[in-house]
């Protein structure tokens, strides 16, 4: 069940049985010469929709542009400043709270978003914490999970790509996007086969250190099959984790 | 060609032949008991992707949550405050400008976004206008078009729905979403058949005046066929209009 | 009746019979070599004060600097960024709401303000729409009207200046300022007689395309007499339109 | 010479001989039962225009709504939040700097504005101070003067109103507005004759302590004659002070 | 009694007998070749802690970086923009208000902070003034005092340093820091002995006019003994002034 | 070497040999009935100063109020909203960058700060990433480390407190503060001996779940001796880690 494909009366019904929602959140940023710019939005979106379809959980629209300033040295990357992202997450959250949603599960596809998502949660909570008691703003509970950190997911990724899964433009995330968009599979040799690793600051620094955009990965080993496996495993893990959250 | 489904090297290539991009921009808001909450995002997205597929134009990610505070009285509606939306549009625009895009065509699906989009353009332009000469920030040109206002589109909508096309949750926009998502067609009688018209201020006021969310429309006459016709007509109009913009 | 020239006890009295106010809003921007920088503030101010004098309607202070970033290439132009203007309009509005004003009629003299004014309204409404029910913030109703778009005004302007009324630094608006400040009439030949038309983005772009600041106009035909006629016609139209608003 | 009543070519000429401007800045706030809400805007405006007329100094538009949150308990008062006022003063200042103005003399009519004006100056200066050397932003010099603190002005006010000139809604400022708007003279007995004095925090606190709005004043002694005297004296003092500033 | 060195149960107890707190507020800015960068934070902190120790008054954490953009031309200076400082002071104030503190005494060590502190107070008060009655936010009372302006303090400073106490990097404030940190006494000849005086705008301007950072002062005469005397006198004055405030 | 206790000429000298600085960053929040409100600021401050004293590293002022909205249910807690904290960290960072510092090591004492610190870094980096090449803003490198996560520190803490070290108001952090302020040791029995564990959202939720403020800890076992041991171990680890950073 997708919010975007529901009517308001559908949501009114849904709220009679659940006050929880999953919101995919990603990024629009380079993922090396063979990875799609939308990778970090596509992964959580595809997995969340699978859970939405199979279990009737409501899936919100995808928060598709995130914190990617460090990738701005590569054409196509788009970013929000963290302060903008905090304001936007707050507006999304307060909109849902207005309708009676009390548990927001942000399902994240981009490590670079993690800090700002947590800062946004604190910004939203702070509004209520500053209020005199009793607060008028309804209590919200928010959580954020990176898809690759759900139980058993990383193990599966490492099993599928024992070497060169990497940190950015990973074989696993690229595989998920190939499974989601089979006509977008890229066949290209990358040099070096496994990209260098390291840290980074701003866009200039990132590009100087990671000239083709990858970090520690060999995404050429990504396959549609592996992608489908990862989607299956992660969807199961998401469903289990979300249930716990929704019932907490 | 979609930014989300491109690699950064694809975009690097694209920029050698074009510095223009189409960005669908919509809203996540109630569209009556039979219209989808994502209607205003779906319509420009579907039409833009058609043009992107047929003509190789680059289509950006969809800016999917817009200015919909007046619909917050209906479950599922999500909104940005205008100040947040201005910040986000600015960040998207400056990201694209960084790569050399000089012409941003925002293809809009929600009348309520129009003013804030224009304000955002002025915010972006103002940064450069305030700069001492010569400005360091590259010159940008931005335009925003509502899909139903492209040449010949409204005429076709009125031809298809001579009465009760309406102002919100229109038969035409609902038809487009049914064409895009045929499994989401809703069959339901609405009372009154054609919704009332009028103006509105905030969410409470809107709901009091338009109890089921529609304004002036009878979306029950929406069909997949009509939706496909509208998509065809609008895609042609968009392509023509975009070409003029890209060459200006 | 002007807010600036009233005491607080006057306003206390006024609020017993009306909760509506007219607020002139303009801009401080170049209007070609013969038009005054204050034109867009002067026009709505003069017309509104006429209505205030004749009918006892309360006229607020003039919001005199607006959105004019595109005119910054010409000496004397002043602008707010849209984000600043939204904050300021919100503060003005909430100040008036605090006292019991419920209907704010912003009488606008500058087309470039329109979008940001509407965005500001949505910003103010959104505060209330986000509030849990029942809202504590009082309900406000706001409207914005461009003086030249009131019924019969444009017809009169075209009648007075059948050719070359134009889009910026129009003969009509310059005439109004000459009527208001007869000692400021400028007699100067402009070349070309009717300025070019077109669109614009930032200040550099505007000045490159409209070298003396005018768009499509020949303001040399402006006369005090025409200005007085326009003031008369517009004041009548404003009074009629405001009454409808105040009683809605 | 007033910016509002000048053309851009006038300002272009002016800038060849001077890079300094006077900007009246006031407030829209209650001034007791006999004082005008616009008092603090009217006083600096009238005096500055006198200097502008007599000496050809350029007078900017009046910044008419300032920091008056403490007066919001009285109908008609309007305020900006300090953060909004800082943003607006910055935009005004940077607009003028764009054209080559280097010396901005803010001529203030409201004690409650003083702190925020100084904070706004620091905000503007900070932008340049943070810049790497050499700064691209042109150097600005800004000063703010309260009209009653110019040399010899307070002495004249005390001479005219030896007792009960007061701190808010003073006899002197009310006299200036009566001189400026002779048809607005109010004749009313106030009780007590001289209002109480004290400090205040927010609007509720202010109204509780100063029930009719005045602080320490007996404005019933205000006369048109005294107002004209004060305007004369202050205009001379302003001209002298401005000259020093413009030549510094 | 220091907030930083108290437990929450200590504060719970304190609030049963007092709703007032002293918060030292300073700056991190150059104080000439012999003055410490922390001078303006150290002075109010040391004096406030003395009062806290002697009288059981609660002393908050030191707001240690303030408004010092004009000193950015000298290594080590740190500043907040005024808009940031307003937001921070508001957050500190609303945190304390949440617990029941009603009287906040900001004890200031830097003249350059004064305006922004006052603006911050107005920002906080404005929130409550804008609220519909009855306000939900508790009423707060805030004051700010510069330590050298407390009764009898300046007289003592002038007595100790009859010539060359100065305006920035004063002999008196340097003496206080030497008393507080005896191992930080600097012995160095300064040229000229007494620094020049004047006004300033941004960092470049300041450094050009005051090449070693001092204004009007000869801090080489600062001694530990004088510092201790000033601390004694000021602590007594602070205690007296705070008592009046706490009981108001 | 402390910035606060240095002169600007000292810093000028320091910058000739190093462009790196350590900035302690903490929080002002309840730490249970026996822990000090300043604990999270005291711990990094004490350890950093140790390193500053021993190795001549420059230690910045302590950023003493952080992200603690969830503790606002306990008297004495102070917080910044994340958006304020981002602005403040940006201002601190850009101040230091102005002088030539290129490596900022934020030494953190509060887990709740981590996300917002990272978001602030991205905010600062984004400014430069958005700039056209070549960027004018100097390149900065920033890192943030939690003191308890430095190599070997947690092992030592667990060795000292094998059970009940906990997550908030830990025995280890309380021990550090007792070592730093021996006169602040609290002897009090806590019930239950080891506090419950769990997650939290806003202040109301936190207090409901952790009634005395502790999470998972038994801080009654904290001793001055253990504190000194932890300070020793952590100072060594900090020095090693900082050296790597400063040379990177």
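Annotations for the structure displayed:
Residue numbering begins at 1 within each chain, and the chains themselves are lettered A, B, C, D, E and F in the order written.
Here is the rule we use: a contact is a pair of C-beta atoms (placed from the backbone, for glycine too) under 8 Å apart; a residue touches a chain by one contact, two chains touch by 3 or more.
Because the structure is predicted, anything quoted here is derived from the model rather than measured.
The chains touching chain B as well as chain D are C, F.
Touch-path distance (fewest steps) from chain C to chain D is 1. Common neighbours of chain B and chain C, by the contact definition above: A, D.
For the pairs D-F and A-F, the count of C-beta pairs in contact is higher at A-F.
Here the repeat of B-D among B-C, C-D or A-E is A-E, since over half of its contact pairs match by residue number.
For the pair chain A and chain E, the CA-based superposition corresponds to a rotation of 120 degrees in steps of 5. Between the Cα centres of chain C and chain E there is a gap of 46 Å. The centroid of the Cα atoms in chain D and the matching centroid in chain E are 29 Å apart. Centroid to centroid, with C-alpha atoms defining each point, chain E and chain F lie 24 Å apart. Shared contact sites, meaning residues of chain C that touch two or more other chains, fall at 72, 79, 81, 83, 87, 95, 98, 129-130, 136.
By the definition given earlier, chain contacts exist for A-B, A-C, A-E, A-F, B-C, B-D, B-F, C-D, C-E, D-E, D-F, E-F. For chain B in complex with chain A, the residues that touch the partner chain are 2-12, 15, 28, 30-38, 41-42, 60-62, 64-65, 72, 74-81, 83-84, 87-88, 90-92, 95-96, 98-100, 181, 184, 186, 213.
Interface residues of chain A, counted against chain F in their complex, comprise 67, 69-70, 72-73, 79, 81-83, 86-87, 112, 114-123, 125-126, 128-130, 133, 135, 139-142, 201-205.
Interface of chain A with chain E (complex): residues 129-132, 136. In the complex of the two chains, the chain F residues touching chain D come out as 94-95, 98, 136-138.
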